[in-house]
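By written order: A, B, C and D. Residues from 1 in each chain.
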Amino acid sequence: MTALSTEHLSALAQQSVELPSWAFGNSGTRFRVFATPGTPRDPFEKIADAAQVHAYTRLAPVVALHIPWDRVDSYDALRRHAEDLGVTLGTVNSNTFQDEDYKFGALAHHDARIRRKAIDHHLECIDIMDETGSRDLKIWLAEGSNYPGQNDMRDRQDRLQDSLQQIYARLGDEQRLVLEYKFFEPAFYHTDVPDWGTSYAQVSALGEKAMVCLDTGHHAPGTNIEFIVMQLLRLGKLGSFDFNSRFYADDDLIVGAADPFQLFRILAEVIRGGGLNNPEVAFMLDQCHNIEDKIPGQIRSVLNVQEMTARALLIDREALTAAQEANDVLAANAVVMDAFYTDVRPQLAAWREERGLAGDPMAAYLASGYQQRIAEERVGGVQAGWGA
Amino acid sequence: MTALSTEHLSALAQQSVELPSWAFGNSGTRFRVFATPGTPRDPFEKIADAAQVHAYTRLAPVVALHIPWDRVDSYDALRRHAEDLGVTLGTVNSNTFQDEDYKFGALAHHDARIRRKAIDHHLECIDIMDETGSRDLKIWLAEGSNYPGQNDMRDRQDRLQDSLQQIYARLGDEQRLVLEYKFFEPAFYHTDVPDWGTSYAQVSALGEKAMVCLDTGHHAPGTNIEFIVMQLLRLGKLGSFDFNSRFYADDDLIVGAADPFQLFRILAEVIRGGGLNNPEVAFMLDQCHNIEDKIPGQIRSVLNVQEMTARALLIDREALTAAQEANDVLAANAVVMDAFYTDVRPQLAAWREERGLAGDPMAAYLASGYQQRIAEERVGGVQAGWGA
Amino acid sequence: MTALSTEHLSALAQQSVELPSWAFGNSGTRFRVFATPGTPRDPFEKIADAAQVHAYTRLAPVVALHIPWDRVDSYDALRRHAEDLGVTLGTVNSNTFQDEDYKFGALAHHDARIRRKAIDHHLECIDIMDETGSRDLKIWLAEGSNYPGQNDMRDRQDRLQDSLQQIYARLGDEQRLVLEYKFFEPAFYHTDVPDWGTSYAQVSALGEKAMVCLDTGHHAPGTNIEFIVMQLLRLGKLGSFDFNSRFYADDDLIVGAADPFQLFRILAEVIRGGGLNNPEVAFMLDQCHNIEDKIPGQIRSVLNVQEMTARALLIDREALTAAQEANDVLAANAVVMDAFYTDVRPQLAAWREERGLAGDPMAAYLASGYQQRIAEERVGGVQAGWGA
Amino acid sequence: MTALSTEHLSALAQQSVELPSWAFGNSGTRFRVFATPGTPRDPFEKIADAAQVHAYTRLAPVVALHIPWDRVDSYDALRRHAEDLGVTLGTVNSNTFQDEDYKFGALAHHDARIRRKAIDHHLECIDIMDETGSRDLKIWLAEGSNYPGQNDMRDRQDRLQDSLQQIYARLGDEQRLVLEYKFFEPAFYHTDVPDWGTSYAQVSALGEKAMVCLDTGHHAPGTNIEFIVMQLLRLGKLGSFDFNSRFYADDDLIVGAADPFQLFRILAEVIRGGGLNNPEVAFMLDQCHNIEDKIPGQIRSVLNVQEMTARALLIDREALTAAQEANDVLAANAVVMDAFYTDVRPQLAAWREERGLAGDPMAAYLASGYQQRIAEERVGGVQAGWGA
């Protein structure tokens, strides 16, 4: 049986996954947002919960914020709170889909006043980044239209570029803008940045500090996502991942839950293309725990990323190349499948214990009593959610 | 140019589309529900708005209710209110997806207490039907699971049948149960009634008063929906339509907006299979007007159904059969396309005027001042929505 | 680490997968059929190759035939040839998609002469079954239409039922008819049996000896196939599987190659529903090895089925039920994932050796020299293919 | 009723659609290629048939060639033959998917010898272009892999760029290279140029004479194709269309047959973006007439393009912009739908007659006796096809 080498474990020790603060709040579908006992009431409690994930896994030292959901009086206080708990503040996500003014668009809106407002919101986000020490401004463009003719798609594309340029100009030297694409939802006819090609064209026109964000749930059925990973790494424009999984649309399920083999293939291309532990490529989660407990849901998620990375590291690249060059389809595929089917969990558990962690982080968390404590203590107030 | 015959117009004169009361309330996505001025605050105002659609089109004499969204103190009062406005109350839709108890299921839940509660909710709906004079109880089963293993799908199927039998037993002689199927959402891994086959198997086991409801937005990409229409009519189990349209998932857009040719093909199979103006087959809308005005959205919808029915009626069945029997693919297709491409709108406008209606119902409604009036008058209170 | 119990191994020892004779011939896409050295020239050579798969795996004792591709002068001779090589002849597959007469249909054609010809072909297939001792007649209905209007779908459905009844009437007491459904291809607009619901309705109208065949590649994107497995087992109508895998359409790749987790879930439902080692449910492969070697491709396939069955057997049903009843989504999912992630291969290899087989059947086959031998010996003649 | 203006008709008079020579040969699926009486036996006969389409429609003055299917001794003779019949020779399509050497790739193959061979094939195609006077070399890259691991996708991408550069260097000043992308088929796991983004990145790295070819059938389900049209026009990289239609995969049906409203939306974006009658944007058909007559199939296709262009021209741009700027979703959509629903056929028929053409080109062709003549005369020889 193949085992992880020292080199592999060293790579795994460096791995870092950024958690989304909103994963700890309530979420749901258009039909219902169900509540969960112990849900945080404010960004400080979200950070506290995120810190639990890191405490048990040593995989999640960074927490991404979402503005305005995580607006606080003092970002410095939030930053110190995070650091006290052993984590730091990461990517700042903007939001241009919940203000009544944005009903028909924001950065691409035909009305200059509304574009100005949306641009200003992003400038505020960069102000916050300056305070939190965040590097990345992530823009998910929830804009589009529901009916053919509703908007002029071409004009919107040009206005979008113009708005992005104004935001880009405000970035500090060490800051970046990452532009997320999404196939559909909340708009149903057209989305202004529906695919990697559009995001690539838009960020390429901005400059070197603008990159593409790949959310694994934002593609048409049947899309070969690892191909896009390969291509964006090749083009030097893969800025970050939003990991999650899906059976149908943007289900935002736990990464690796729906198609673990796909996650494995994605991570194999990340490694192949030099994206692993590469500071240029941020690994983030973007998930919703609609019905399952949130902290355990995040623990499961980062472990899935770690375990699949471990499997992908096991691919025998030499044997693979030899089989490929011999046109031996079955042998080449077998090299890949052998790595995927290898059960790395026992070795990872032992390795965790060597590092002073619990071998089974999930069991350790559940035994810690934290979940019961927050369920009991967090009474009163308004549970955090998307404010939809 | 082919024109609609007297017989065609007579068929169109009988056509009736049932409006969903919830289309007049606010709706949105999981990201945001945008408000619209003039949105009804209660079921009485919803009925008033629905009556406007009928007044201008003479196509929509029935309004479907959704319980609990349309719960009122006196259904008799609601019924008289409707009748005063020229419409009647139709299908009663149950709701087992918004109570905290239903987080993990309702009619198929493993917990007998929750199943009992869900069954009782349906019995209450039948009580309401007795008061409103409604014939159909529509059950959209929003149940399922998000992760493999979360539930035992087989047990759920058996419990579902058991619950349905208890509901079925309470139906009056002239009442029916229609079971809607849906591919995915709000559950992301499995849905308890995901396809027509499952709905067909479930209702066939109940008896003659149980039928299938086909929502045009609830299928996998690429599904030939008119084939299912044909098959359910052939099997005698097509109880009702939920009309809407979609580009991607269950977008609930205006019927005919995304793929008018598909709507045409569906209506052609309805006519072919004897489903037009057949009391066994209810034509309903199930739509969301997230960003457009609601009353005009419904007017547009019923007109789309009427216009496409008119086009489908124009198919020259004799020429079609002749071409089919000659294996003349292009000629047969041309007969169908000729009907689809014929612009029936001028003739329909003239016919409307003959019947004392405005030739252009949309323009007439917009000119009536109703929209401005409700925007001004309906101030205060809480706008109706899904209560999600 | 969980290990396979004696009971599990006993179940695995009984497992039997039926190989398709055509997998050993050449196949390809509409763009090209590439040749492979050593490809059989006749049914006898196909059987010889299939027997190799069984010799190394003890998993594939039965070979399915396809008529006319496997037409021989003496089926008795073919039967004895098979038995000499340690295998038997299985399901007979009919073919109504390659004769010029079938350009516009066969069993559902509007022309009675062509229907008669297609029915007679099936009667001939049953004659062959009598000689080969086969139980199942498998009908894949490649019929449909490419353009709306080309055919009357309803009439075709009725004629199909009539034709099937005539075929059904000829079945012996121990024989069965299994009806395969397929979403699309070779017809592009409509397929006469596009989904499990249609196959179920058609075979239910025939009688107890008619069952549904589920080909894992014949569904719309996003379809939850294990749900259909569950439902057909529940309804007592799952007659057989055609295993293969796909990324997009009916790719006919090696089973388990595209989405191993899906194969696992399917087999978990088979076990849950009593379909494992149940004579009512035939496990067949239906694959194309367009670019890879065929015998190794089949070895890989049956091993994939075995390994995934083993993983599915490892699901801790007691723990699963407990988690389900506690509504513990993550724990329930973890039980399932734990089984999936367990590497059963070492134990299976050891078990194989106990049974006198090579621990690594693929390596043993490749080392045997058979592949080189057939490549050298099978010179001249016409390589078998689909005759397309 | 809106009517086409003089300006509209003038635009339509300039419209030119390029026909694919291979549409006149036999084609089919992997299951069967059915023959049709009268099918050409050589490129000269194909050109003759294509000329018929132009004679009756004045829409199709150019015929695209496919090498090697259209290899002839004298391209000059073929050119004169075409000109004698009133048409010219257009785009040259290369073929790197049918030689046994290309089983595992061509321009992206790891073997330098095979890449050289594939590059040389393209250089030969450019030689032919020099003789035929063709401007465009179209490369559809049928390369990819069927199984994860079979190939290194990244290396292939780099080798592809290198090969394309060598071909690009050979182009004359007035010649272009257009690179077609395709989602899947004949490769099932990965395609080397699967999406517009990859084609765009590849051709952008080549230079100004390299453009993207958009085949309307080569996208994932649910893709908004008109968005891509808009984007490529915006980026100045839309080189050509391959028109056809599809219900599911790359069905290659008659353009406009499956979703006429989609064709309309595509053409509306073409007009909006300046792509109509723009020499930079070639309109080609790429279709298969598997079961219908080929010449009438092509006549139907070019008429569909013309009729939809006419409808798209009718969009009242002023009213549309006004509605868009007022955020009047329904009014904006109504402007678009009004154009789509307008029956332009009578006016186009009258206009054709003014220009000395038959009002109904299909009827005129069918009455001409050409189809019967070729069916009778073209006896013996081998019907042209794909040589698959």
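Convention: a contact is a pair of C-beta atoms (placed from the backbone, for glycine too) under 8 Å apart; a residue touches a chain by one contact, two chains touch by 3 or more.
Being a predicted model, the structure only gives us computed values, none of them experimental.
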**OP:** Provide the labels of all chains in contact with subunit A and in contact with subunit B.
**Re:** C, D
**OP:** Identify the chain pair with more contacting C-beta pairs: A-D or C-D.
**Re:** A-D
Original post:
Where the CA atoms of subunit A average out and where those of subunit D average out, how many Å apart are those spots?
Top reply: 39
Original post:
CA centre of subunit C versus CA centre of subunit D: separation in Å?
Top reply: 38
**OP:** Could you tell me which residues belong to subunit A and also touch two or more other chains?
**Re:** 103-104, 146-148, 183-184, 189, 221-222, 224, 247-248, 257, 261, 291-292, 329-330, 333-334, 337
**OP:** Would you pull the subunit B residues touching subunit D in the complex into a rising list?
**Re:** 1, 221-222, 224, 247-248, 257, 259-262, 291-293, 296-297, 300, 307, 329-330, 333-334, 337, 340-343, 345-346, 362
**OP:** Show which residues of subunit B lie in contact with subunit A when the two form their complex.
**Re:** 27-35, 97-98, 100, 103-104, 142, 146-148, 183-186, 188-189, 221, 246-249, 251, 253-254, 257-258, 290-292, 386, 388
Original post:
For subunit B, which residues are in contact with subunit C within the complex?
Top reply: 103-104, 110, 145-154, 157-158, 183-184, 189-191, 194-198, 200-201, 219-224, 226-228, 230-231, 233-235, 261, 265, 269, 272-273, 315, 320-321, 323-325, 327, 329-330, 332-337
